[in-house]
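Multiple structures follow.
After this come two complexes, each holding chain A, first together with chain B and then together with chain C.
And then the complex of A and B:
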């Protein structure tokens, strides 16, 4: 969607409220419910999304008036950013609002750390747009190397970035990979997502992406919004997406969030999920195949066991016998394996491992 | 120092131990003490460093034998990495050691999160080399934009990266900015370090670095080793370094670690400190000058107050009346200001603020 349409959507929101006021009605704002009860795993599409339940907020309601006003203020400010052609973070938006609204603003709604900034999510969901479209920048941390050209139109300049010519560094995935961004000349057979930057650096040094014709990406832990959008866009080009993480609570979470989304991020829907993604490893089953890994497992933490048990109850996970077997093994043995362990015998084994897994189609769904 | 010299140093360490064994003496390993009692602020140079106290570890000492053996194993493995021409992380090193030494390895010495990995630090300090020289990669997170060309020789390829042509992304600061790295054609009047990536994105969108002829860097919070080394190298080229952070515990810590180093990192000495660095803001005194900031301060947390009080006791800080005034004001008012607050009135004010501060030389030492 272009900026013009976003501005129009914001203006329509305002106009409909003015209409209500003129009719001497209380302005209302309708938004899909984001609570657990309205989150469902849609089997036919393969990701978590919001159901049909909606919530109507009224201005003339003591409990809702303040939030209502703040939502309108957010819409107003972001429209201004769009008109100015400038971007800022949610924190920057918070201070713009604080400057206008003074103490009348709930600071906790804008905590930097919380992914869920209720007011922004309200607008995103209700209007069917992304915060990036509202000129809000988000945390960025992923890195890319591979045969791919990025055409970046930004601040009035067009830049061409060749992701195969970034040396030891890689191309840093920006906050917004949609507006003014094109990915052309993608000469790759697949996308490889590696949880840890340390492993990415290892594979980059081996020029793995060049030898294997892949796009090598690390989200550096949990994938940022920008990284998830980039993965979605690459998957849309028909590239298979393979994910390689630790065999532990955090690694599985990273994978499943990329694949199906998560409870808290279910409101994002398809734009931020890659149901086509496959899990390469590390798996507990790897121990059986690679003898040397046996002495490189480490003790699972209570959180790993707890998470494995929880995942066994998720209907989108426990339908896969491979995953059930994996998770039950962690619960039983109380051991886990890090992807770094693959370097135990020789540093270059990481690449060999990935090559073998992909060649033999030894992945988990 | 070149790789050849590093290998020689490691070999000399081994040879001297063999000599001791042949003389039927216990092998020993001498290293400067890294405990508080041996950390001093050297006024003449402007950073924290280790004093003259040394510690001798003996192999034939029940309490020291295990660590001793592990230190030798680390030296041995890193020599192997150097010979192979491959790099890995400390975690990768841990698994290589675990593979060789089995359970005989203290995992806690290699926790990913702790900056201080005792064994590596021992080697760095005792041998006067950096872990990067031992082919160990570290966490990386800083980003750069500006008129600077990077020549990166890596994995047998030479890449030229133009930091003025990185669009919205910027050039990602690698783990090692010394070996095989050259910074040429640096056309800038100064270096600007901006604590938060969100503010870096804001200034990058304004093309601040282009208009002001500066190198715009965000460490994304606490500066990584790579970022600190880059700053040191740019300062060595004669560029002034200005730091712009939040006015709070974390922001001050970021500044002072860049400038003088910190207690835990004192062993790094000059290579990782920039005593020439100056503090641009945000300061409490800014409230007096910029009226609108008054309503954009937020409540200081107990950690901010505690940190301000601690800093008032540091002899390298309390010699500066400007800092004493600032810190006392935070303690008294129990308020703080984030750099994001400068956007409250208008998004582009951040750049105006920095310009004014630098032009008027309104910085803190």
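And then the complex of A and C:
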């Protein structure tokens, strides 16, 4: 969404409230409910999103008055950021709004950052604007290497980044890959997401991305908003997305968040999910295929078992018999395998493993 | 009962008996003795005015003669006065009162009346009391003592005069030692205040030893209904009552006839039933021959028979309006609620009415103590033995928090409970507390809860008002900030004032 459009949306919100005041009505603010009861998995599109339940907040309701005032303050502040062309973190925003209400009131507009964080999410959902569009940055996480050239317009300057010339470090994915970011050239057959940075470094040293013509990305654990947006944009270019994680509940959770979105961020919907993503491994079934892995399994922790059981109950996961089989095996054997274990045979086996899986289409949905 | 006891002590002087048993008669402890003296005179005055249909105007003086021991008490009323021929009997003869053996709802069930006070004066100071009575144009002034040996009044220094017919009344003055005046819940002051509350048709004035004058003016015009004499119900009496009635009923030759005529609800059929239930008692004997043992057996027999409940119209409450008016006059509270409940029956045969008044706020805990419980039986204040009283216990057991009374002992609340009945179930001869009869306790509880609910309604309404104004303040404080942000957000800073005024108006309207 363009900056102009975002500013317009914010101004419209203000205008509609003023209209209400003039009609002698309480200003209202409607936002979809973000509670569990209003989160649903949309089978037709393949990701989690919010249902139809909405909540109307009124300034003239004592219980909501303060939150209402805060929401308007956040909206107004972010509009200023947009007009000034400056970015800040959600913590920066909090400090911008943490001031006394004055008039001899022993009360601040915001006391805790958690208050403003929740309101940012409210605004995102209610207005269909991403926080990145509001010039609010998030922590950067995730690294890319591959044949990809990006043009970054930032702080009044234009920089061209070639992701194939980033040496051992790779290009760090910024928090916002939408505003002022242009993908000039992407020469790849697919995208490979590797859970752990260590494996990414292994594959980078192997120049795997060059040999395989892929975009090699590590989210370094759970994928950040920026990484998910980048994956979405690459998928939109028609590139298949393959995910490679540990064979444990956490690894699989990372995969499913990339694919369908998470419960907590369900309000983000399609912009942040990649339903077409595929899972390469590591799987429990790999033990049967690769003898050496048998000795390299480790004991699963109770939390792994618990998460596996949870995932078995999610309708968007348990519709896939392959996943049910995998998860049940974890619950039964109480074992797990790290992706690092693939280096147990020899360091470069990781690349061989991935190639084999993609070639043989040995992936899980 | 008292008559029998006196009978058994004939070899001693009545005075001696009195000395030994004074606590039984309300003369235990210095403070209580003084209050009892005032109570006896007040009761006589109120009852006399009641019978004569006069609005009582009673003035009481208490003067300290010797610190914490000797007091002069004077009570003057505007009643009909007492004719000379019964003056001595009324004030100088034990157990000569007109109230004995009458089943009528009356105040004077405690103590032994004004004669007891005369005796107390004689015993503690050796002095007779001074009396001035104006009755039907005749005024008599005298000193009145008692000849203990013969239980006879002794009148000295008698002066007889004529007086105008419209001047009438009685004035008694005595000096009493072994007494103590105290400004407390047990003192004369509190006693008179509470008496005034339940006798709004009376004007009561109290001149205290400190020289203060407390005036409780008449707050209603209507005189209370006169209590009717009723025959006792078999379930309402004990063996001693039965004996008393038998002794006084000389006109019957057979006990069975006496039972049928002197009691309500005892029919020929019931007598038959009684004969079968208690065959060992001969119901054909002369009533005067009835022994204690037989009386006890009959009372046990009564309890086994199914009786029709007695008529309840013999019970006369103070009245909702009357209590409301006097509570308002005397306590000046913020809110009052008084119940108006129909009579109930306890022990299967004794009608009674419970009246509860709750007063809240205003001047009530001016002196810093809340949770005042004022107990009454047939309009007579019960000041002593509060701990063992069913009224106190029931009040304590109510969950006052449910009625928005946070701390019963501290909140400005005063509760009046009046138990009206021909037969008040006192715990002891001191007649200062009600015994825990289930039916009575339940009725008291229900009445308290009824009144509590009304007070709660008022209090929660008041709390809501308060909340509304705090709500208003809570929203108002955000108007400045939100108006500015809203105007800027919409891209029109100039509108800030208009938004502010608009919001303020809406808040004012909604949270008035």
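The criterion applied here is as follows: the second predicted complex is superposed on the first by the 348 of 365 C-alpha atoms of A that agree within 3 Å, B and C clash if a C-alpha of one lies under 4 Å from a C-alpha of the other, contacts with A are read in each partner's own complex, and residues count from 1 in each chain.
Methods note: contacts are C-beta pairs under 8 Å (C-beta built on N, C-alpha and C of every residue); 3 or more make two chains touch, one makes a residue touch a chain.
Quantities reported herein were computed from a predicted structural model and do not represent experimental measurements.
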item	value
Partner chain(s) touched by A:246 [first = chain B, second = chain C, both, neither]	neither
Touching partner for A:286 - first (chain B), second (chain C), both, neither	neither
First, second, both or neither for A:59, with chain B first and chain C second	second
Partner chain in contact with A:304 - chain B first, chain C second, else both or neither	neither
First (chain B), second (chain C), both or neither touched by A:326	neither
Contacts of A:72 with chain B and chain C, given as first, second, both or neither	second
First, second, both or neither for A:102, with chain B first and chain C second	both
Touching partner for A:133 - first (chain B), second (chain C), both, neither	neither
Chain A: partner with more touched residues, chain B or chain C	B
Chain A positions touched by chain B in one structure and by chain C in the second	102-103, 107
Residues of chain A defined as touching chain C within the complex	10-11, 13-15, 17-18, 21-22, 24, 26-27, 59-60, 62, 65-66, 68-69, 72-73, 75-76, 79, 101-103, 105, 107, 109
Residues of chain B touching chain A in the complex	81, 84, 86-89, 91-92, 94-96, 98-99, 102-103, 107, 137, 139-141, 143, 150, 152, 154-155, 157, 159, 161, 165-176, 197-198, 201-202, 204-207, 292, 295-296, 298, 338, 340-345, 347-348
Of all residues in chain C, those that touch chain A in their complex	471, 474-475, 477-478, 480-482, 485-492, 495, 498-499, 502-503, 505-507, 510
